[in-house]
Amino acid sequence: MKHARPLPNYLLQRYHGWKATSFAENRSWYRKLADEGQRPRAMVISCCDSRVHVTSIFGADSGEFFIHRNIANLVPPYEPDGDHHGTSAAVEYAVTVLKVSHLLVLGHSQCGGVKGCLDMCKGDAPELEVKESFVGRWMDILKPKYDKVADLPDNVAQERALEKEAVLTSLDNLMSFPFVEERVASGELGLHGLWTDIGEGGLQVYDPARGEFLAV
Amino acid sequence: MKHARPLPNYLLQRYHGWKATSFAENRSWYRKLADEGQRPRAMVISCCDSRVHVTSIFGADSGEFFIHRNIANLVPPYEPDGDHHGTSAAVEYAVTVLKVSHLLVLGHSQCGGVKGCLDMCKGDAPELEVKESFVGRWMDILKPKYDKVADLPDNVAQERALEKEAVLTSLDNLMSFPFVEERVASGELGLHGLWTDIGEGGLQVYDPARGEFLAV
Amino acid sequence: MKHARPLPNYLLQRYHGWKATSFAENRSWYRKLADEGQRPRAMVISCCDSRVHVTSIFGADSGEFFIHRNIANLVPPYEPDGDHHGTSAAVEYAVTVLKVSHLLVLGHSQCGGVKGCLDMCKGDAPELEVKESFVGRWMDILKPKYDKVADLPDNVAQERALEKEAVLTSLDNLMSFPFVEERVASGELGLHGLWTDIGEGGLQVYDPARGEFLAV
Amino acid sequence: MKHARPLPNYLLQRYHGWKATSFAENRSWYRKLADEGQRPRAMVISCCDSRVHVTSIFGADSGEFFIHRNIANLVPPYEPDGDHHGTSAAVEYAVTVLKVSHLLVLGHSQCGGVKGCLDMCKGDAPELEVKESFVGRWMDILKPKYDKVADLPDNVAQERALEKEAVLTSLDNLMSFPFVEERVASGELGLHGLWTDIGEGGLQVYDPARGEFLAV
């Protein structure tokens, strides 16, 4: 690997700052986490988006959340075909090895992946429709939900609605994994659908009784 | 989606606390991030492990890092076969849409995924060898590197070494993506290989001249 | 005291969140509690165990319960020998100064202190038998009850039974305090024996007529 | 134990409410805590006072804090004399068995125990001076600190100052336990001195460099 470069200096400086302060003050906890292993209460599936930080929103301590982040917080359906499935591997590890009690899917406003999906569904993003587009093929997971939002009056309303459909799609697909389904049925695992508004700092939770996301 | 449940109460309370403090104090920045979109300087690929928080280590602000997290911070090779590839989609989005300047791969000590791979290579984890094991199939990406660590004296040394090989494997595979390769060649994009020791808070950076990870 | 360290940052953030929400919304009640003093209706004696929260189980408001927590929710017998007796001091203050109406002793399943006592009685915990073991000497309070559970078929049954004997021991010892005995006799003070099952969320109350703990 | 009474009805009702809501939503986590045991990050030593709730202030989840509560959050000095020492037993269990990373001592304003100590030191509380007074003998732990506050202008200032001296006394006495001292020296255990103002919801942390408690 001859292409690797040194770390940008500003990151190096910040690392040394963290080491001398936050790490130093909590070294026994980090030591313990290393020696005894992690035991997170929940797995969170959220977006790669740089504006979404589930540990901040929920004041999480190191060791609390097992976090998978991908484009648009999507979980593909159960496909045990022997190929590489990063998201499915993360879910499998959290549920069957770590035995987390909660599985949170956290969607968010202004999601670029969801917007791309919407554009693609409207025929406005031919670059995402080619076979070679990884983003396009990834957003195919969400595409069938376009019908549910197509009649909304404008693009903004459609985006917000499709972002929430992404969360519901992931929850539905999670239930297609046998090890998730059986633990949900037995009460060992709880599924939770969340959506956060970046600009407003709002949080909505899906309520199956009402069939909609409600502000907390 | 009838299986979703309400949020645990302690998380609700913490959320309201975050909203009233951290969010309130930075509301204009969050507003701006929502209105103008994200513009992260770097993408980070790190592990789902609950003990690894790249935003803490590097004191990152909201909006700074586009973060993909999967088991063992692995990037699979370029395979534009039309299937769902979550990691490849995240890389494509970061490099071609967000045009990040840096791509950091951050490995870590005590990685459960890497340990599983090692066990599998030694024949000690038959459950990971079945076709249906998503974790097993995901760790296949790293398996060829077993030869490089097999002669090390003990399990601990082999794990630490294989964790670092995971980082190098990801960097090598990143170079197999045409859009990465050309931007690295032109100098638009820098690749960085990192490894952190959870218990010690240490950080090592891969130095291609020396062919090894060096403590910063 | 040169050894004190700053508070971990995640606790600081959570504190600020609490201050801005729960505290802010109830500021007049806290002000009143500070100005007029506490007036709790009941004292609760429960275990230090991190999984037992009497305020959650009983939806208690700030100011409702005067709570003493020690290993295995034990009350030692009345010994006015001039030494430091933290539990007896707490009982004395609750009964004679605050004049609480109820005294609840709350035991629980999976109690590490009770398990230690059982191990010690069986000769399996020599480290608890040395004079210097504070846990061992504290569990001596419960030791005489081993005879009552020794014939039960297995360790689990013995632990559950000894946990309940710990509650009864505390109630018996409470009656050895003259100021408790006279108020119980006059009807001013009610004693209550409780035991909760952590995993099942169950609650049992001691029924003197039946001579056993009954699920509520 | 013939004196035990049924649970007051309002508590019974609240328990059933908790069971049907909070417990039901988190049953898998409680199940896990029961099956795998507790692994708290910190021990907290706070007062029995009904107005002090460390889990609220710090948004703590079930399983996070091992909590000992006694009058005035006092730790007596190390005295391995074979007698019952409830506080010392709790500290021993937290540090040597649970191996917590942090030990927080949390004092508070309007502390009745500290006020009693002050009254006793001024000769205004003869009832606390008799050998039989458990509260008096317990507060003897703090008595030597009276000299440090005696010159303050009024009772209120003296109370606030003595409440903070109680925290420092506990921290000093904690260091007299060999198993605490050695873990503090090695960095495995961090000590923290805190004081909260009930009416204002304030929090102060002891800063050894400044030799005083500072608002966070």
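Every chain is named by a letter (A, B, C and D) in the order it is written, and numbering of its residues begins at 1.
Keep this in mind: a contact is a pair of C-beta atoms (placed from the backbone, for glycine too) under 8 Å apart; a residue touches a chain by one contact, two chains touch by 3 or more.
Nothing here was measured: the structure is a model prediction, and the numbers come from that model.
Peer 1: Please report the smallest number of touch steps linking subunit A to subunit D.
Peer 2: 1
Peer 1: Suppose a student superposes the Cα atoms of subunit C on subunit D; what rotation angle should they report, nearest 5 degrees?
Peer 2: Rounded to the nearest 5 degrees, it is 180.
Peer 1: More contacting C-beta pairs: B-C or A-C?
Peer 2: Higher contact count goes to B-C.
Peer 1: Could you check if the interface between copies subunit A and subunit B is built from the same residues on both sides, meaning over half shared, or from different ones?
Peer 2: Same; most numbers are used by both subunit A and subunit B.
Peer 1: In whole angstrom, what separates the CA-based centres of subunit A and subunit B?
Peer 2: Those two chain centres are 14 Å apart.
Peer 1: Between subunit A and subunit C, tell me the centre distance in angstrom, where each centre is the average of that chain's C-alpha atoms.
Peer 2: 41
Peer 1: Compute the distance, rounded to whole Å, between the mean C-alpha positions of subunit B and subunit C.
Peer 2: That pair's centroid distance is 45 Å.
Peer 1: Spell out, as numbers or ranges, the residues of subunit A touching 2 or more other chains.
Peer 2: If we look for residues of subunit A contacting two or more partner chains, we find 22, 25-27, 29, 31, 59, 61-62, 102, 190.
Peer 1: What topology does the chain contact graph adopt: line, ring, star, complete, or other?
Peer 2: complete
Peer 1: Which stretch or stretches of subunit A touch subunit D in the complex?
Peer 2: 25-29, 31-32, 36, 39, 41, 59, 61, 99, 101-102, 183, 187-190
Peer 1: Where on subunit C does subunit B make contact in their complex?
Peer 2: Residues of subunit C touching subunit B: 13-14, 16-18, 20-22, 24.
Peer 1: For the complex, give me every residue of subunit D touching subunit B.
Peer 2: Subunit D reaches subunit B through residues 22, 25-26, 29, 59-62.
Peer 1: Considering only the defined contacts, which subunit A positions touch subunit B in the complex?
Peer 2: It is residues 1-8, 11-12, 14-19, 22-23, 27, 30-31, 33-35, 37-38, 40, 43, 48-51, 53, 55-59, 62-71, 74, 76, 80-94, 97, 102, 104, 109-110, 112-113, 131-135, 137-141, 168, 171-172, 175, 184, 190-194, 197-201, 203, 205-208, 216 of subunit A that touch subunit B.
Peer 1: Name, in rising order, each residue of subunit C that touches subunit A in their complex.
Peer 2: 5-6, 8-10, 13-14, 17
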